[in-house]
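Please go over the structures that come below.
Both complexes below contain subunit A, partnered by subunit B and then by subunit C.
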Partner chain A sequence: MSAVPVTLRRVVELEIDGQTVRAMEGQTILQAVRALDVEIPTLCWGETLTPVNACRVCMVEVEGSRVLVPSCARKVEPGMVVRTNGDRVRHSRKMVLEFLASSVDLSTTPNAARWIEEYGAEPDRYGPAAPPAAAGERDRAHAGHHHPGDGQTAATVAQPVKIDNESYVRDYSKCILCYKCVEGCGEDWQNTFAIAVAGRGFDARIATEFDAPLPDSACVYCGNCIAVCPTGALMFKSEYDLRHAGQWDEERQTQTDTICPYCGVGCELTLHVQDNEIVKVTSPLDHSVTHGNLCVKGRFGFQFVQNREKR
Partner chain B sequence: MDLRLHDTEPTSVERAAVDGVLGPPATAWEGAERSPLDGRVASTGHAARAQRHLLLPTLHAVQDRVGWISPAALDYVCKRLLIPPAEAYGVASFYSLFALEPRPATVAHVCTDIACMTRGATDFCKRLQDAGVDWLESPCLGMCERAPAALVIEAGEEPREAVLAPASVDSVVAAMDGDAPEPEAPEIRQATGLRLLRRVGLADPTSLDSYRAHGGYSALRAAFELGPAGVIREVTDSKLLGRGGAAFPTGRKWDAVARHPVRPHYLVCNADESEPGTFKDRIVIESDPFALVEAMTIAGYATGCEHGYVYLRGEYPLAWKRLQQAVTQARARGLLGDDILGQGVRFDIELRKGAGAYICGEETALFNSIEGFRGEPRNKPPFPVDEGLHGKPTVVNNVESLLNVLDIVLEGGAAFAQIGTEESTGTRLFCLCGCVQRPGLYEAPFGITLGELLDLAGGVLQGRELRSILLGGAAGVFVGPDKLDLELSFEATRAAGATLGSGVVMVFDDTVELAPILLRIAAFFRDESCGQCVPCRVGTVRQQEALLRLANGKPRGGVKTELALLGEITTAMRDASICGLGQTAANAIDSALHGLNAFPTEEAM
Partner chain C sequence: MFGAGGGTSSYQEIEETDLIVLWGSNARETHPIFFHHVLKGVHAGARLVVVDPRRTSSAQWADNWLGIDVGTDVGLANTIAREIIHAGLHNREFIDRATTGFEEFAANVEQYTLEEGEKITGIPAEIIRDVAHAYARADRAQICWTLGITEHHNAVDNVLALINLALLCGHVGRWGSGLNPLRGQNNVQGGGDMGAIPNRLPGFQDLEKDHEARTKFERAWGVEIQPRYGWHLTQMFEAMERGDLTALYVIGENPAQSEADTTRAWELLEGLGHLVVQDIFLTATAELAHVVLPASASWCEAEGTVTNSERRVQRVRKALEPPGQAHDDIEIIAELGTRLGYPMGWSTSEDAWTELRSLSPMHAGMTYPRLEELGGIQWPCVDEQDPGSPFLHGRLWADPLEGPPAPFHAVDQAPPVDELTEDSRATATRRRCAGRRRSTSRRRTASASTSSRASGFRSPRAAGP
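Coming up: the complex of A and B.
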C-alpha cells in the first residue's frame, strides 16, 4: 500500500552494487535500488499493493543470506550489502523467466520479451508445449494428484478463455499467479473477495468458488483486478475483441484524463480512445482519491458516451 | 465486507456436521429459522470474523460426515464463519484429503511413496487395480516401518479410519467393508540405550496413572522449582538443537519469545510429520502421548504461553485419538487448565488436524493453516518468535525437540550436553526403513556412525547388497555404501554435504531400481508444492519432466544436456524459492545424479 504512516524515520546507509547509498528506514531494497535508476524486473510487485514476493523475478543477493532475497519485500537495513546483478541473481532471473515463458503465454506482458533477451532465457529448451487443457479441466484438478506424462512436452497452464460477462474476460493461459488480482479484489482494496487462489502447486489457479461464472460470484465489476494484472490475463472485453479482430493499436490511441461524472467522490479517469471510441478506462495509480481503483460505473459505464449520436 | 452467498440449502446431514463443530446458528443471518428478532441483531464485526480459525475443523467435519464438501455445504460453512466463498474454496481445494466432487463414502488411500516402493507398493497397487478396488494414490503415510501401507477412510455418522500396515489386497477389501483390525501398538526393537523412547511399550498410553508410575510429571515439578528463567537457562545450557530439520537452538528460540513484550505468546507443536520415510513423531504420540503434553506444559510455562497447539497430520488416526485422550485426562486432573498443580500457572492445549499437505510442516504455512488460510509459507523475516501464529510471538517446536526437554529439566542442561557430540547434544530418533532386516524407530546418541546404526537394525536383508542410503527423507541426500563411517551429527553430516533432516535413514539394496525412486520423489514435490512461488511451482514440474526423459531413455540433446539443465533448475529452486520445501526439492535428486551417477553420461558409458 502506498500510504505511509507519519512517524519520524531514520536514514539507513547500505551498499548497493559497491555504491554507498542512503535510504529511508522502512523502504524496501527495490525502492532503494530504483532510486539509483537501476532496473530490477518485477511482475507480482505493484506500487499500490502489499508485496507477496511470489514471482521471484526481483531477487537480489544480500551478503550473509544463504538464499537470495526478494527486493520488493525486504526492507533496507543498516550495513546491508546488496548485489543486484551478480551471477546468482542473473541465473535465478533467467530461470524464473524461462519457467514462466515455457508455461504461460507472456505475449501481452509488458517488458517480458526484453527481459527474456537480456537474461538469456531459453524457454524453448523444455520442449514443445503440451496440448492445452479442456475448459474447466484445470479447475477440477485435485490437490496432490497429477498425470506425469512422459516429459517430452512441457506442461503449461494453457486453457480456453473464460468469457462469461460483457465487461471483461479472463484468459488464464496468461496468468502467472502473481496474486495481484486477489489482493486488489480482497484485502488491499475492494474487500469483495470474489476470487482467491485455489488448488495447489502447478494446478494452483485464480478461481471463484467451484469455478462459478462471475455473474454468480461476488464480483462487483469494479475492474480493479484488471488494473493490476501484469500480463493481460484480465482484460476489458472491448480490448479483447479488438485484439481478437487484429485491430488493437496502441499507437492510434489517445489518453484523456477526466473526472468521473457519476457521483461526488471525484475519481480521476483516464479514457483510452481508439478511433473515437473509448476502449478502456484506467485511473492513475498515484491519484490521491483512487490509487488506481474505480467502481463499475467509472470503469465500465462509458457506453453512454458513444451511444449519444445513435439516439 | 458483504458476503455474497449462493443461498443453496445444505442437506440436513451437512448442516448437522457443521453445527456439530460450531453449535446451532443464533440468528437467520447465520442460517437459523427467520425470527422477528433478526432485524435487531448484528452478527458481523471483529468477533464474528475472528472465527476463521475454525474453518479447517469445520471442513473436516463435513468431509468426515458426508465424504465430500458440496457447494451447498461450503456455502453454509461460509455463512456461519463469515468467510467469502471463494476464499473458503481456496482453502478446501488446497488439501488432498478433502474432496470437492462427489465420491464414494469409503476410500482407500494407498501409499505409493519411496519407503513403500522398496516393500512392493508398486506391485501391490497393480493387484488392487486387478481386484477392482477403488483406491487413491497417497504420499508417505508415515507407516514406513511396516510398509506397504494403506489408510481406509469411511465417511458417515460414525466416521472410521483404519490404518493397514503391512497392507494386503484382502485387508484393504475387508477394511473397506468395515472389517478393520485393531490398531497395532508400535513396537520398539531396540532393547538398550533408550531415553526418549524408554516408556514406549511399557507405560499404557491411555492412562495418566501409568505415565506417572513411569516417572511422568516429575519434570513439570522440577520445572516449577527452576522457574521460567531457570528452565530456559537449562535448555540453553543443554545446547539442544531443533529436531524438525532446521537444527535451530531451542534455548535461543524460547528466550526470544519469553522476553518478547507483545502478548499473548503462543506455543505450537509441529506434529505435521510428512517427510517421506519419517514416522518418529507418530510412534511417540501413539505410545507416549502424555510425555508430549508434559513437555509442552513446561515449554508454555517457560516462555509465557497460555495457549498451545498441536498440529498433527491428518493421516494419523491413532495418534489423534491418543493425544485427545491424553489432553482430556490431563485437563481433568488439573495438569492443564487455569491453575496447574496449584501453582497458578495457566496453560492449555488445542489439537488441530492437518488435511493432507506436506507444506503445512513448514512453520509459517502451519500458522496459516491453523488460522484458516491456505497453507502457504510466509515471507521471513519477520520470524515466528516476533510474528508467528495470529501475528504474535510464537514458539514452534517439533515433537522430538519438545520431548528432550523432559530430561533436560530433570538432569540439568550441563549433564544433557555430555551426551552426543560437541555440537549435537543428546540422542536422536532415527527412522530406519527400506531394505533393512528390522525396520523401525531407533534411538542413539549423536555421533553414532551410519554403519553402526544399520547394524542396530540388522543390516540389509540376507544375500542382498547395500546400494545407497537416503538420509533425511525426500528433502535429504543420498549417500553411497562408502559413507558407512559417516558420523551422524549435525556438524559431521553438514561437513559431508549431507543432512540428518527429520532423522530418516532409508536403505536401498540391489533389488531396488533407483530411477523409479527418483521419479517418485520428483512427483512428490510437484504434488506438494503449494504453488505460491514460481521457482518451486514450475521448477518441480520441469525437474520431473527432465527426469522422465532420462528414465525413459529419451533425453533431449543427450544425457549431459539434461543433467546440466537439472543442475540449473536445482540452483534456481535452491536460491529463489520462498521456503525450505522449494529450496530442498531438488536435493535428493541432485545427490543421486552426481553422487550415485544415476544416469551415466554418454562418455562415461
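Coming up: the complex of A and C.
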C-alpha cells in the first residue's frame, strides 16, 4: 500500500533503416530513432509538449502508409518498417525548409543553416523577399485580405519587432507558427491562455486577445513561451539588446544550475552569465519540479543581484 | 508533522491524486510552478477545492470555492470531521491501528454540526457536507496550505485541525495522499532541517529531550550544548522588551520591516546594545545596525544547498562574483568563529555539509555528487544506497504499525484577536499580514516579502494591488 507506483511497459520490436530496434511501448518513432543516434530535424516538437504536427520537418516513411508520417507523434508499433532518410523523406524536408526559410527569418534558429545545406534546400529560388509588412499590418489581416503575390518576390512574414515591455521581445519575422508558445502558455503547462493563433492561411499569426500589447494582455510574464520557442522569435530583452549591440557571445557565457531564491517550490534555474551579468534564465527540461518551466520571478527576477551598487 | 517538520508528499503525487484541497493558499500566484502540478492533476480529473476568504486566481480553477470567514479554519475543519464521522465515512481500521486520541477528538467535534459550521464559517452547510463526503470518499487526497493557515495567532491549532482530517480518513502515508505546507522562501524548509529553529538540532533532533543526539553533537563539536530550548523570533522581541536580550546577530532577515508591529520592532532594535546585520542589501534593519557584514547572494554567488516544500535537498551554485566586499555567508560565519576562538574546522559548503551528514541521520546518504546526479534528494535519505523518500509516514500503514501511533489533537475554534467587521473578508487578510507588506496569499507574482529583492525588478506587473 505504501509504495511508489511503477508503470510496466512492454518492449516493441520494429525496423528502422534496415536495423532491428527495440523500443518501449508508447514511445514515438522519433524517440526510437534518436536512441540510435540518428538525427531527425525537428522544430515544433518539444520534449515537454504535446506534439502538434505543425512543422512537418520530422516526417518519415512508414511501410504501408500512403503518406509520410510525423515521427514526433506517431507511436512505435510491433513490426513497423521505418525509413528516415529515403528520397521521399529528403524531398519533403527540402520543400519544408525552403518554404520556411523563404518566408521566415531563420537566422537564430539552431541547426537551420546546416539542415538547409544537408537537404539541398534553395530558399532563394522563390525570388527576392517581398517588402516587409508595416507595424501592425499583419495583425489587422482578416480572411480574404491575403492576395497571391506577383510571382516575382517571395511572400514573407517580415514585420517590425514588437518591444512593449522590459522582459521579452517578440520578433514575429522569425515565427514559423509551430504552436509551441501556445502550448506552453496553454494547457500543457501555464494554463494562462494569453496567446493563440489568429487569422488563417498565410495571415495566421500568434496574437494576444484583440492584439493587445503584452502589458494589457493576460500574459503573466512567466516566459515559458520563450523557453520553448525554437527560432528566437521570442527572446529575453537582455539577449535582444546584447545581440542588437553586437555583444551577444555564447562562447563567453557560462551556464550554472542553481535554485530560485523566491518561494519554497525549489525550481532549478540555469543562469546564463556573460561578463558577470545574468543575461538569460532557463530551467532544465528534465527537472522533476519545473519540467523546464518557471514563473516571472524565477525567469526575470534576477536584477536585484546586479544593481546592488546602483541602489 | 508527527515529529518531522516537513510536507509529506511529492509534487508528482499532486498530479496523481483524486482530490486537492488548497487551504489558505493562492498557489496560482504564490507558488506558480507548484500550481502547474495541481493543474496536471485537475486536467487528469482531480477535484480541486479552494478554501480562502477571497475568490483568488487559484479559486477560479476550483470545483468548489469555500469563501470562509477569516480566522474560522478550525471551525470548518471540525465541522468537516464531525460530518465524516456521522456519515460513517472515517477509516476505522486505520484509526484503530495507527492513531491515538480518536475518542476524545470525536467528542470534541460533536458540537460542530453542519448548522453550527455554517454559522461559524459563513460557508453554506450543504457545501461543507459535500466537501466532507468528497474528501472522505476519495481514494487519494491532498491538503496543501500556506500562510492563510499559519499566519494566525492560533496557527498551530489550524495545522493540527488539518492533520486530524487526514488521520480521520487515512489520507497520509500513502502515494497520492498527504499534507503539504508550501514554504514561502526557497530555504524555509532547509532552515528547519539544519536546526535554525530554537528547539531542534540539525535533522529535527530534539535539543532538550534527545540526550543521545545532543551528546553526539557535543562530541563532534567539542563544546557543551545548553540542554534547553532557545527563543523563537516572537520570544526574542519579548526578551528585548524585558531587557534580557541586548545583542542580536541578524542574517538575511529584515525584522524592522517584516514584523507585524514595525514601530515596536524598530524601537526595540534601536535600543539594542549591539546589532549585527549580515545581508545582501543595506536593509532598514541594517541601517539600525552597529556592524553590517555584506554578504553574497546565497543562490547565485555562493555554493550550498536548500530544501524545498517536497523535502528535496538541492544544490545552489555560484554563477557570479559578488560585488565589493561581499562574502559568502559560510566564510563570514567560519571567520567569525575563528575570531571568537572557535575555528570551525571547515571552510567550504561541502565540508560543512559532510559534517552535517555525519550528525543528521536523515541527510546521511546525500553526498554532493549524489545530489548532483539525482537532481536533488528528498529526505530522509539514510545511506548512499537510499534513493530518498518521495512521501513520509508509510510506516503508519505497516502491519503491525512501525513506531509510535499518530495522535489526534482536539482543538477548538478561537476567534481572531482583531474584531471582525462587515468587510472583514476583504480587510482581514490584509491586516493579518500588514507588516509583511504583502501576505503570501495576497502576494502578487512579481513581489515577495519586504520587497528587498523584488523592488529592483523591472516587471511590468510589479505595480502592487
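Operating definition for what follows: the second predicted complex is superposed on the first by the 300 of 311 C-alpha atoms of A that agree within 3 Å, B and C clash if a C-alpha of one lies under 4 Å from a C-alpha of the other, contacts with A are read in each partner's own complex, and residues count from 1 in each chain.
Operating definition for what follows: a residue touches a chain if its C-beta (ideal position, glycine included) is under 8 Å from a C-beta of that chain, and two chains touch if they have at least 3 such contacts.
Treat the numbers as computed from the prediction; the structure is a model and nothing was measured.
Overlay on subunit A: subunit B and subunit C fit together in the combined arrangement. Contacts of A:H146 after superposition on the shared chain: subunit B is touched, whereas subunit C is not. When the shared chain is aligned, no partner comes close enough to touch A:L242: not subunit B, not subunit C. The superposition-derived angle at subunit A (between subunit B and subunit C) is 110°, Cα centres, a multiple of 10. When the two complexes are overlaid on their common chain A, residue A:Y221 makes contact with subunit C while staying clear of subunit B. Contacts of A:I116 after superposition on the shared chain: neither subunit B nor subunit C is touched.
In the overlay built on the shared chain, the residue A:S167 is in contact with subunit C alone; subunit B does not reach it. By the touch criterion defined above, A:N191 lies against subunit B and subunit C together after alignment on the C-alpha atoms of chain A. Applying the stated contact rule after C-alpha superposition, one finds that A:V62 touches neither subunit B nor subunit C.
Distance between subunit B and subunit C in the overlay is 5 Å (nearest C-alpha pair, rounded to whole angstrom).
Subunit A uses residues 191 to touch subunit B in one structure and subunit C in the other. Contact residues of subunit B toward subunit A in the complex are 1-4, 6, 71, 74-75, 84-90, 93-96, 98-101, 136-137, 139, 356-357, 374, 379, 519, 523, 526-535, 537-542, 544-549, 552, 554, 556, 565, 568-569, 571-572, 574-578, 583.
The part of subunit C that touches subunit A in the complex is made up of residues 11-12, 16, 30-34, 36, 39, 43, 61, 173-175, 182-189, 280-281, 297-301, 306-310, 312, 314-321, 323-324, 375-376, 390-391, 394-395, 397-398, 445-446, 448, 452-461. Residues of subunit A touching subunit C in their complex: 1-5, 165-167, 187, 189-191, 214-215, 220-222, 254, 256-268, 271, 273, 276-278, 286-291, 293-298, 300-305, 307-309, 311.
The part of subunit A that touches subunit B in the complex is made up of residues 51-57, 59, 67-68, 70, 73, 88, 91-92, 95-96, 99-100, 102-103, 125-127, 140, 142-146, 148-152, 154-155, 176-177, 186, 191-204, 207-210, 212, 216-218.
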